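Next come the structures, one after another.
Same chain, two partners: chain A is paired with chain B first, then with chain C.
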Partner chain A sequence: MNTTVVGKNLRKVDGFKLVTGGAAFTDDVLLPGMLYGKILPSPYAHARIKRIDTSKAKALPGVHAVLTYKDVPRVPHTTAGQAWPEPSPYDTYLLDSKVRFVGDRVAAVAAESRALAEQALRLIDVDYEVLPAVLDMEAAMDAGAPVIHDEPDSTKIFDREHNIAAHIRREIGNVDDGFREADFIFEREYRTQRQQHCMLEPHVTICWLDGDGRLMIRTSTQVPYHCRRQVAMILQIPVSRVRVIKPRIGGGFGGKQEMLLEDICSALALATRRPVKIEYTREEEFYMARSRHPQILRMKMGVKRDGTVVASHLQVLATTGAYGSHASTVQGNTGSKVLPLYRAPHLRFECDVVYTNTPVAGAFRGYGCPQGFFAQESLADEIAYKLGMDPVEFHRKNAIRLGDVDKLSAQLGEGKEGLPRVIRSCGLPECVKRGAAAIDWDRKRQSLPARAGFVKHGVGMSCTMQGSGIAGIDWAASFLKMNEDGSFFLQVGASDVGAGADTVLAQIAAETLGVSLGKIIVTSGDTDFTPFDTGAYASSTTIISGGAVKKAAEKVRAQVLGVAAKMLAVPVENLACAKDEVFTTTKPRKSVSMAEVALQALYQEKLQIMDGASHYNTDSPPPFCATFAEVAVDTQTGRVRVVHLATAVDPGVAINPMQAEGQVEGAVTQGLGFALSEELMLNHTGWPMNPNFLDYKIFSAKDMPKLTTILVETEEPLGPYGAKSVSEVPINGVAPAIANAIFHAVGVRIRKLPIRPEDMLRALYEQQPELKPEEALVTQ
Partner chain B sequence: MIPQNFEYSAPATLQEALQLISGGECKVMAGGMSLIPLMKLRLAAPEHVVDLGRVPGLNSISESGGVVCIGATATHHDIESSPVIRGRVPLLAEAASHIGDVQVRNRGTLGGSIAHADPAADYPASLLALEAKVRLVSANSDRTVEAADFFLDPFTTAVESGEIVLEVLVPIEEPREGYRYEKVPHPASGFAVVGVAARIKKAGGKTTLARIGVTGTGPRAFRALAAEKLLESGADVATAAAAVAEGQETNADLYASAEYRRHLTRVWAARALTLALSRAS
Partner chain C sequence: MKTMSLCVTVNGESKQWTIAPGDLLLDVLRREGYFGVKRGCEKGECGACTVLVHGKPVNSCLIFAAQVEGGEILTIEGLAQGDTLDPLQEAFLDHGAVQCGFCTPGMILAAKALLDRQPHPTEEQVREALAGNYCRCTGYRKPVEAVLAAAARRKVPTEVAR
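The block that comes next holds the complex of A and B.
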């Protein structure tokens, strides 16, 4: 494609501010008279508040408000930041007389300092009636299990008596027939864990009332518009009385696709009529924010002798924790984005999402796919091995390809029927080819297992996909206006969470308008000043918000050309714009600068060049990814070290390749943690045992293996300048690629994440007894 | 989090420091690399902190009469880079280099580490293998205890109220000795899940002296006496390593069960001993 701004490695539009420590983030302002808010977390996994006495806390000098369930409106809602009407159950209350997990809200205070707020919390006197709790998702549906949502006013819960938040069953073709056609049937169980986002900037919100008494919410969110709607509903004030301001965000990864602190912080600001800030500590972030849904997956696949997949059946049991945020939709994705990777005519997905008295799960990069692909890609590798096929060949034979129609997506949309997916661009075969070359697949598959020594090496691979926006639901608007110097203000509702949306959207605008990137000034995510956008999630921003920007820019370009046509006295058809000027495409060459056009429009024609546009798609084009891993397994200790990770991604056209590569590297970093080390653990009473970075291991720069990142660009007809998405898909394939590489190295299948050294060693000694300790002790 | 309010003093002499703490109300601070995190997590809330960092000479490192004398406030970095320690007790320099990261090694001190007595700290294994001694002083006492009698329980040592660690006395290693410190770092904290320090002397192809210190495995660091004896009586590395955690209580945590920790201890003892043997001449 012949472009000058799109596809170029241009620096982030806000990069200078960030690297020089300029005021960028929610917490970078200090408002006069600001109070510190703090939430009293429940010490019990399940309890009723029999009596709560806040008088001592209120009497403490410097404390301005103490709120309990008695002081706030009771409005059932979901905290999931989703388009209205949210498919998640309305099972959550601003504050409630019942607590449902360790960390659930009991009360909230606002005081003049953090220390005072903490002291006030200790002065709140609570009598709890401790209720039996259910922590184990496999016991949640049992008869006699404690009912977590016994309140009558919650709605949209699938089966509250059995703690089932959501239930899904979808089928295309006839899976039973499919299995009858198969020559071999494989079935395995996989387990995945509770992973936390660990974004650098914790959840933080500052709320105040402006001079007109309107509620201002400056907050670290991926979903400013959903947040505004939800807060207005919960506090029962008109939407017009609320403004949500999204400053620069220090990472979200889905954890901020959630209205999490904005409601309670607003309630405190309204109660005190002073600015109030709530910022989670790292510890609170671990168990009072959100995490990835733990799942137990039963994956069954039927194949022909030649390796053709004819039927797949995936049964999932997942827990959403104490509240059903994103319960049906995350799990829906586990089926709809995973099973159609293979072209089998018969697919069935069944799922129960249960409540337990555990921290609440929610949206998290990959959104159900990392769990599903761990199961599917592990089983695919096992099948290929049993059939004597190279996994690369197995994928070549079975993977979805250009022109295919994914019918499962039509059945399984965002909590309701969706739309069929047509594959209009597909770089997967090329991803597999280039990923394999990067890891030296053909040679290493042969040579590695033969190596001597107690550290065994192996290589494994996986293929994955995702979506780009939610078809028929996600939409965005943008607005552009021209200034005297030929620059443009670009206003978008989109939320740059750190992934670089502001830059990418500005590049799309600049390309379309024929100006340099510096001529686009972006304002994003302010509900008073930017048009609507569903938010930064579902890999939607580049394709959906970018689509809106391109449309608006095309309209504005037409206005620019209209003014220029008069100035140059040539027909509009003979004009084009590039390099900050409008010029004739016919001889003789004549041109005017953008600044001259702007001055002419503003001062002669009395015309503000400006326009806006809205955009949505009825399809969600998948980005594709092939992940290749080389691992070294220490057979004496069970430690798995990833030596090399090669990730080849088809993002459509990369609007900014440097940023796209950064997204791939960030995704695989979290994928490594998911595969090998990250798990928020609870004890038998539901207390978090490792809510800190001394116990909970995330991969950091010094832990990283050699990374190879390959962008395999394709041109997606539905995307602006051919773009799809990139930020989620690379997280999906890391765990299965590693598990498959482990099998290649030592012949052991690990089906539970994370792959802890101790578990690895136990499995190794069980399945490969000749490696037992006596022998293991001899060093080389 | 931010610690609660506290008094802070930075005495300029040892005498002044000992006077201040003689009441028993104050908490001594050296590098602050353990104390400050505890205060931030509200696991410690001292009303008065006495900083030893300004006491001159308390960080000196010197050698005399076959003993290396290391002042309590010598940092991990001082220890890993000191020519005296690298030349005379290289095992300790090797252990210091395994601690935390550069920032922690620049601030954290030997005295602070051993007084803190984290069961997963690195130094204790080497100090035991080196048969070091610890000198403790207070306003009106001065005594020296064996490393083996210093580490009592997790976060509990022989240091009495009003006392501080003044210095650590380490007998020098013979140049022909082989030594090695091997560690399984916790993936998140970097502390020793298991750490094994080994010293070997050989004569005529036979092991004449073996010293093995083990940290991380149990509630307190210990010397693997049975394994030492086995080596000194001609057993091979695998046999000795198998006996290294014999009779010892074993820690268990989220990362490693007791059984797995014992296994790691044996594997790591074998690795440390093999390397120490190869270095001995």
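The block that comes next holds the complex of A and C.
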């Protein structure tokens, strides 16, 4: 494609302020008279508040408000930042007389300083009736298990008596028939853990009332519009009285697709009539924010002798923690985006999402797919091994391809019937080819396991996909207007959370208008000044918000050409724009600069060149990814070191390849943590045991393997300039590629994440007693 | 509350501030408007609050402001000369090493401390120098590349290194 701005490695439009420390983020303001808000977390996993006395806290000088459930409206809602009507259960309250996990809200205070706020929390006197708690998801549905949501006013809970927040069963074809057709049937169980987002900027919200008494919410969110609607509903004030401002965001990864602090911070601001800030500490972030849904997955696949998959059946038990945020939708994705990777005619997905008295799960990059692909791609590797096939060949034979129709997506939409997915672009075969070449697959598959010594090397691979926006639900609007100097204001509701959306959207506008990137000034994510957008999630921004920007820019370009046609006295159809000017495409060549057009329009034609557009898609084109890992397993210590991770991704056309690569590398790094080190652990009373970066280990610059990033560009007809999405799909395949590489290295299958040294060592003992270190020492 | 006076040089400017003895350097700097100093964990684990004290990277959440009395502090705000960016800042932009930008100030300052003492570092040395600065967005490849590129761009004579 012949483009001048799209497809170029241009600097971030907001980069200057980020590298110079300019005030950019939510907390980078000092409002006069600002109070510090703090939430009293429950010390019990499950309890009823019998009596709560706030008089001592209120009497403390400098304390301006203490709120309990007695002081606020009781409106059942979900904190999930989803399009209305949200498919998540309405099972959450601003404050409640019952607490359902360690860290649940008991009360909130606003005081002159953080120290005073903390002191006030200690002065709140609470009598709890401690209730039996259920922490283990496998016990949650048992008869006699404590009912976590026994309140009558919650709605949309699938089966509250058995703690089932959501239940899904979908089938394509007939799986039982499929298994009868199969020559071999494989069935295994996999387990994944509670992973936390660990965005460097913890959740932070500042609320105040402006001169007109409207509620201003400056907050670290991925979903300003959903947040505005939810806060208005919870506090029972009109939407028109609320403004949500999204400044720069210090990472979200799904954790900020959630209305998390905005409601309580607003309540404190309304109670005190003062600006109030609530900022999670890192420790609070670990257990009072959100995490990835832990799952137990039972995967069954039937194959023909030649390796053709005929039927897949995935059964999932997942826990959403104490509240059902994203319960049905994350788990729905575990089926709908994972199973269709193979062209089997018979697919069945069954899932129970249960409540437990544990921290709340939510949206997290991959949105259910990292769990599902860990199971499916691990089992695929096992099947290929048993059949004597190269896993690469197994994927070549079975993977979805151009022109295929994924019917499971039609059954598993966002909380309702979805739309069938047609594959209009597919770079997966090329991803596999180039990823394999990068890791030297053919040679290493043959040579590596033979290596002697305690440290064994192996290579493994996986194939994965995702979506690009939620078909028929995600939509966005944008608005453009022209200035005297030929620049344009671009207003988008889209939320750049750090992934570079402002830059990509500006590139799309600049390309369409024929101007340089510097001529686009972006305002994003302010509900007073930018048009609607469902938000930054589901890999939607480039394709959906980008589609809206392209449409608006095309309309504005038509207006520009209209004015220029008059100035040059030529028909509009003989004009084009590029390089900041409008020129004739016929001889003789005549041109006017964009600035001249703008001046003519504003001061002669009395015309503001401006327009807006809305956009949605009825399909969600999947980006594809092939992940190849080389690992070194120390059979004495159990340490698994990833030596090389090669990731080949088909993102459609990369609007900014450098940024797209960055998305891939960030995703795989979180995938490395998911595979090898990250788990928020709870003790037997539901207390978090490692809510800090010393005990919860994310990868540092020193821990990283060699990364190879390959973009395999295809042209997606539904995307602006052929773009699909990139930021989620690469996280999905890391854990299975590593687990498969481990098997290649030491012949041991690991089916539970994360694979810490102790887990690896245990597996080595259990599955290959001959590799016990002391014995190995003798033979060495 | 007891207060005391603190005299420091921040980004080349002399400052005299009234602080409480227990105030952390992080809190004082942010209170005074140096928002480039980020609050990521307050436990010295993430490195987002890194500033240079006498040229050495320090987690400003781990020391009392009073401890830097008379000291010379560099925050990210003091690195560029007006609109002229430091080669590290340029390289971070050119190499796509900035995503959300929250860890960026700390990472650039940690890299500056490295390049000031080791103008031609190896990749290993860069990774060691950045090991105290967590980034959840980039996977570190582009920041490491940026530091190596900045080292080349700074063109410091090798004699200075010795």
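Criterion: the second predicted complex is superposed on the first by the 775 of 780 C-alpha atoms of A that agree within 3 Å, B and C clash if a C-alpha of one lies under 4 Å from a C-alpha of the other, contacts with A are read in each partner's own complex, and residues count from 1 in each chain.
The rule is simple: contacts are C-beta pairs under 8 Å (C-beta built on N, C-alpha and C of every residue); 3 or more make two chains touch, one makes a residue touch a chain.
Everything quoted here is computed from the prediction, not taken from an experiment.
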Chain B versus chain C as contact partner of A:Leu761, first or second or both or neither: first
Contacts of A:Val130 with chain B and chain C, given as first, second, both or neither: neither
First, second, both or neither for A:Thr281, with chain B first and chain C second: both
Partner chain in contact with A:Asn690 - chain B first, chain C second, else both or neither: first
Partner chain in contact with A:Val572 - chain B first, chain C second, else both or neither: neither
Chain B versus chain C as contact partner of A:Ala59, first or second or both or neither: neither
Partner chain(s) touched by A:Ile521 [first = chain B, second = chain C, both, neither]: neither
Partner touching more residues of chain A, whether chain B or chain C: C
Set of chain A residues, in rising order, touched by both chain B and chain C: 281, 693-694
Residue ranges of chain A touching chain C (in the complex, touch as defined): 9, 11-12, 14-16, 18-25, 27-28, 30, 197-202, 248-251, 253, 279, 281-282, 497-500, 658-659, 661-662, 664-670, 692-694, 698-702, 704, 707, 709
Of chain B, residues touching chain A in the complex: 1-2, 4, 184, 187-189, 237-238, 241-242, 254-257, 260, 263-264, 266-267, 270-271, 274
Of chain C, residues touching chain A in the complex: 31, 33-43, 45-46, 48, 75-77, 79-80, 85, 89, 92-96, 98-105, 108, 126-128, 130-144
Partner chain B, residues of chain A touching it in the complex: 114-115, 281, 636-637, 677, 681, 689-690, 693-697, 703, 756-758, 761, 773-774, 776-779
